[in-house]
Amino acid sequence: MIKAEIRIVMGSESDWAVMKEASALLKEMNIPHESVVYSAHRTPEELFSYMEEAEQNGTRIYIAAAGMAAHLPGVMASKTILPILGVPMASGALQGVDALLSIVQMPPGIPVGTLGIGASGAKNAALLAVSILALENATYSEKLREFRKKQKEKVLSARLT
Amino acid sequence: MIKAEIRIVMGSESDWAVMKEASALLKEMNIPHESVVYSAHRTPEELFSYMEEAEQNGTRIYIAAAGMAAHLPGVMASKTILPILGVPMASGALQGVDALLSIVQMPPGIPVGTLGIGASGAKNAALLAVSILALENATYSEKLREFRKKQKEKVLSARLT
Amino acid sequence: MIKAEIRIVMGSESDWAVMKEASALLKEMNIPHESVVYSAHRTPEELFSYMEEAEQNGTRIYIAAAGMAAHLPGVMASKTILPILGVPMASGALQGVDALLSIVQMPPGIPVGTLGIGASGAKNAALLAVSILALENATYSEKLREFRKKQKEKVLSARLT
Amino acid sequence: MIKAEIRIVMGSESDWAVMKEASALLKEMNIPHESVVYSAHRTPEELFSYMEEAEQNGTRIYIAAAGMAAHLPGVMASKTILPILGVPMASGALQGVDALLSIVQMPPGIPVGTLGIGASGAKNAALLAVSILALENATYSEKLREFRKKQKEKVLSARLT
Amino acid sequence: MIKAEIRIVMGSESDWAVMKEASALLKEMNIPHESVVYSAHRTPEELFSYMEEAEQNGTRIYIAAAGMAAHLPGVMASKTILPILGVPMASGALQGVDALLSIVQMPPGIPVGTLGIGASGAKNAALLAVSILALENATYSEKLREFRKKQKEKVLSARLT
Amino acid sequence: MIKAEIRIVMGSESDWAVMKEASALLKEMNIPHESVVYSAHRTPEELFSYMEEAEQNGTRIYIAAAGMAAHLPGVMASKTILPILGVPMASGALQGVDALLSIVQMPPGIPVGTLGIGASGAKNAALLAVSILALENATYSEKLREFRKKQKEKVLSARLT
Amino acid sequence: MIKAEIRIVMGSESDWAVMKEASALLKEMNIPHESVVYSAHRTPEELFSYMEEAEQNGTRIYIAAAGMAAHLPGVMASKTILPILGVPMASGALQGVDALLSIVQMPPGIPVGTLGIGASGAKNAALLAVSILALENATYSEKLREFRKKQKEKVLSARLT
Amino acid sequence: MIKAEIRIVMGSESDWAVMKEASALLKEMNIPHESVVYSAHRTPEELFSYMEEAEQNGTRIYIAAAGMAAHLPGVMASKTILPILGVPMASGALQGVDALLSIVQMPPGIPVGTLGIGASGAKNAALLAVSILALENATYSEKLREFRKKQKEKVLSARLT
């Protein structure tokens, strides 16, 4: 297992189409991370083993993505005191409303920091994870400031034609 | 641990105010059952131990009740092949819509048979559990028919004043 | 009429595109079942005749699928004490929210065990039906365990590229 | 059974608290009608017998009120070609959204003319029923015009203090 | 202006793609009707003139279809005591939920009998209109019974392949 | 009729409990206005007469409040080119969601500037109306700036105990 | 910076596909306006500088469009006492419901006049802006009356084929 | 200004009734923090000054709570690269759905880690903040493990009577 501060766990292989945007953003910032598929319902034991090993290998934050009755982030949160960031996937008939509520409405005591539905949420989970790591890492702070500067420039260079 | 074919598990002590209607209905029908509190997030190990022991003591059906991001029924379903009946509680700001979606929208492969929100769902979970047991138990079939007869009579004796 | 423990009833021929996933899963598990179309509103008498005959031919569980104001599962539940599993179809403008509420929010006394909207719900209805039959059938238990093993392997073999 | 052109059927005795507003309005207009309780799920046979007898006794329109998975209006519609007007009750956690969708989203072929949730819908069902009867009854037309005149006066005499 | 008992009014030319299903059904039953476009907001005077003339030419029922903040049925209802049947169109981002609520939630005193969203509602509006006319017209009753028989046969001839 | 630049029209006397907050705010700012009750459905002619007279008496902006299928703002908008500000009332089972959609989702061509549900929306309608008048009235600008200053001070003086 | 009474600000370049309908309508009416992209979150300082300069160059009304957690209109409203008209964009999984609520549900004290979701709202924002300017500009009043006349003619010339 | 790693900012004094649960939990864990009221709309400059000073005084995480069109967390996120945790308040007619969507559906680039609506979310925001600080603070880790142990014991000691 690689050393990585951020682990992206998703409930289904099909979530990768969206979550690779989180991974791409971290890659672009040169931040070691790993993306894996584990299901809270189909592979709970393997998920928990992965988490144990991951925490021995430097993990500090989990990004957890799931659709429908998206239990993955909450189930992971029940097993660790590391911060969990949840990303609702827009799979199924309800377009992610089910996943959003299943992730954000956690009972008191077991928090999941929830981001928006789909690709926006995936990117923001990566950025929030970096902002947490940046609390102790000036290089990461610099990367975040650089990222914000670039996106500001992108807005300012918009052309309406 | 008592021998009981039906186990009612709820995620919080406060759910009992609603779920005791399921228990009362089973009691009225003289069907051995047990009601307990375990949280999918706060006491996962104890929940799983309880389930193991319960299955060695004759459990055939679980009724699982939870509110908000109601993971309990789905988490239990991931650990057993016994039928799980889920009851969404109307706790919190969203009046049980969150719990309903968190229970019913399970991903393919791990089913939860979901009943309505709140007290109606609690009663119906009890009745559906009995109807499952009644497949092999003529006494229970008789009790169900008796119950239906009584509720028919109750409707027919309604007085509008 | 064939002997079959599970009967899949759907309200419209167009539901078959989704419900055949339930049938395929049962076929794969080698479990005798029958799929038919009856409408609660357009063919109530024929529906009730079918149910009577079906129950004389070994039916133990119904899976009932319908869209929009999906009354089929509830109407069937009013005519039998056998367990009914309801599957909301995502037809129409509301993407199955109407069907979900029309199925799951049954009044106290007449339960329908509800699964998720669309194909996920269809598959889960089949699996829940098998788990009920498995209470008295060790072969079915074995099949369920086998199914879970396979889906676990499928998750574990996911490749993110 | 009395002779009456309008029959108000409700699924539960508790709906009377709301539906008596429909009855009161008809009474005020001196229009023969009858209010009864029949459940689509608990007393389907009695419901159908009632409808048969009612139609032999001059019934021309049904007003059907139900809450939650409100199947009553649709089930009645499947048994008659008389016009059915449905009124969703706001019972349960979802405040009548479930009942509204369960009544209005009928599949093509079996119509239910749906009114608003709760007391407003109850009154409007009575008025719509009268407007239908008024097509052949000049006295009823007159009563409707009188009603409209009165409610106009009520608005015009509003005092803001 | 032709003599016709049923007038289909829609708020926008684009609604015709859906509402022609109502017209086709009436045509199939050989029932004189007229379909026109008037907007409650853009052509209120012309709408009211049309209604006046229509009522002098035998109109007995209006079917009114509109999307988004669908005021057309309610505005027409404020001008007549004839029965109004409203059909919500699924135009715009909200898929007809806005239109459904804008039509069905009329304040007490001015009723609109509301049908389902889109094509199902369009067909059902036609059928409900015919069922109202059938109260005084045995030929129409016969047509309705024939229609029901045909749709029953269609369900019974469904083939699942 | 008084001379007044702002007219507050509400669909029902009961809306006054909320809309008097708009009136109070205007009064506090010493801005001439009038509050009246007219229903789009029950008193359309009187509403239109009022609007005609009002526009001859200096009206420049309408604030229109209504609940449920809230047609009042849109119906007024169809009769004038003056700006209409709509305020959804939270009456009925749906807590103002119906009114919000009935007001804001106007078809293209007939705009209504919509404010939030209930008392917040009432106050904001008053403030937006003043901001429009302030375009040509420096005294009103001053009052708005004063208002903002005061509300800033209120926030800054908050005490958490 | 050009002199212009109306400024259309949008949060993202991609909103232009919708908002150009507002611009086109203003162009058609020959009303000076400017369309720009500024993000409330990514370029707040530049947004505020733009607003300051704009107000020195004759701006009287802002049209602000944004999607998802659409803060742009509210953030602008916090910086000016000029009227702000907000247009929710239907971007993302929730089809603009999120943007609608984020714009319309402003707290008391800081109003945003909200139009419908997407292109209808864009056009209506332009028209409402013109109706505000028309309070002091007879040419604009004339243009609005002309516009209404044309859209009336368009409705009256609808052909159903 | 005190030295504190966590700052709780809320948009209105009335939010304190809920947010004091977050503060109480932090107090119980003996973690320095400060609770203040600043409005994104009414006091933006003061908010930004506060944030600047706070970041010079050791702030590492913000908890931001707001109701309705809850812009506070997003507006704060636009001004800092520190992690922001957002808590939707259930104020107003929509019971916090508006606030939830206004906080969680942030556009890509500016993340807010969102917790559940109301008191549950308030407590979870405090816990998530501590879990972030605990990445570099073994005492805090210990406190979190202690907290989890206590809440486990509370569940296990539930009594159903």
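Per-chain residue numbering starts at 1, and chain names A, B, C, D, E, F, G and H are given in the order in which the chains are listed.
Here is the rule we use: contacts are C-beta pairs under 8 Å (C-beta built on N, C-alpha and C of every residue); 3 or more make two chains touch, one makes a residue touch a chain.
Just so it is clear, the model here is predicted, and its values are computed rather than measured.
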Checklist outcome for this item: Matching interface for D-E, options A-B, B-H or A-H, criterion over half of contact pairs identical, gives A-H
Checklist entry - Where the centres are mean C-alpha positions, what is the separation of chain F from chain H, in Å? => result 35
Checklist entry - Where the centres are mean C-alpha positions, what is the separation of chain B from chain E, in Å? => result 44
Checklist outcome for this item: Whole-angstrom distance, CA centroid of chain C to CA centroid of chain G, is 49
Next on the checklist: Using Cα averages as centroids, what's the distance between chain F and chain G in whole Å?
Outcome noted: 19
Checklist entry - Tell me, which residues of chain H touch at least two other chains? => result 12, 39, 42, 68-69, 92, 94-95, 97, 104-107, 109-110, 116-117, 120, 148, 151
Checklist entry - Using the touch rule from the top of the page, what pairs of chains touch, sorted by label? => result A-B, A-C, A-G, A-H, B-C, B-D, B-H, C-D, C-E, D-E, D-F, E-F, E-G, F-G, F-H, G-H
Next on the checklist: For a test of understanding, state which residues of chain C touch chain A in their complex under the given definition.
Outcome noted: 90, 95-97, 116-118, 120, 148, 151-152, 154-156, 158-160
Item to check | chain G contact footprint on chain H (complex, rising order) | outcome: 11-12, 39-42, 44, 67-69, 71, 74-75, 77-79, 92, 94, 97-98, 101-107, 109-110
Item to check | Sites on chain A touched by chain C in the complex | outcome: 12-13, 16, 20, 35-39, 42-43, 46, 68-69, 92-95
Item to check | Residues of chain F that touch chain G when the two form their complex | outcome: 60, 81-83, 85, 100, 104-117, 119-121, 123-125, 127-128, 131-132, 134-136, 141, 144-145, 147-148, 151
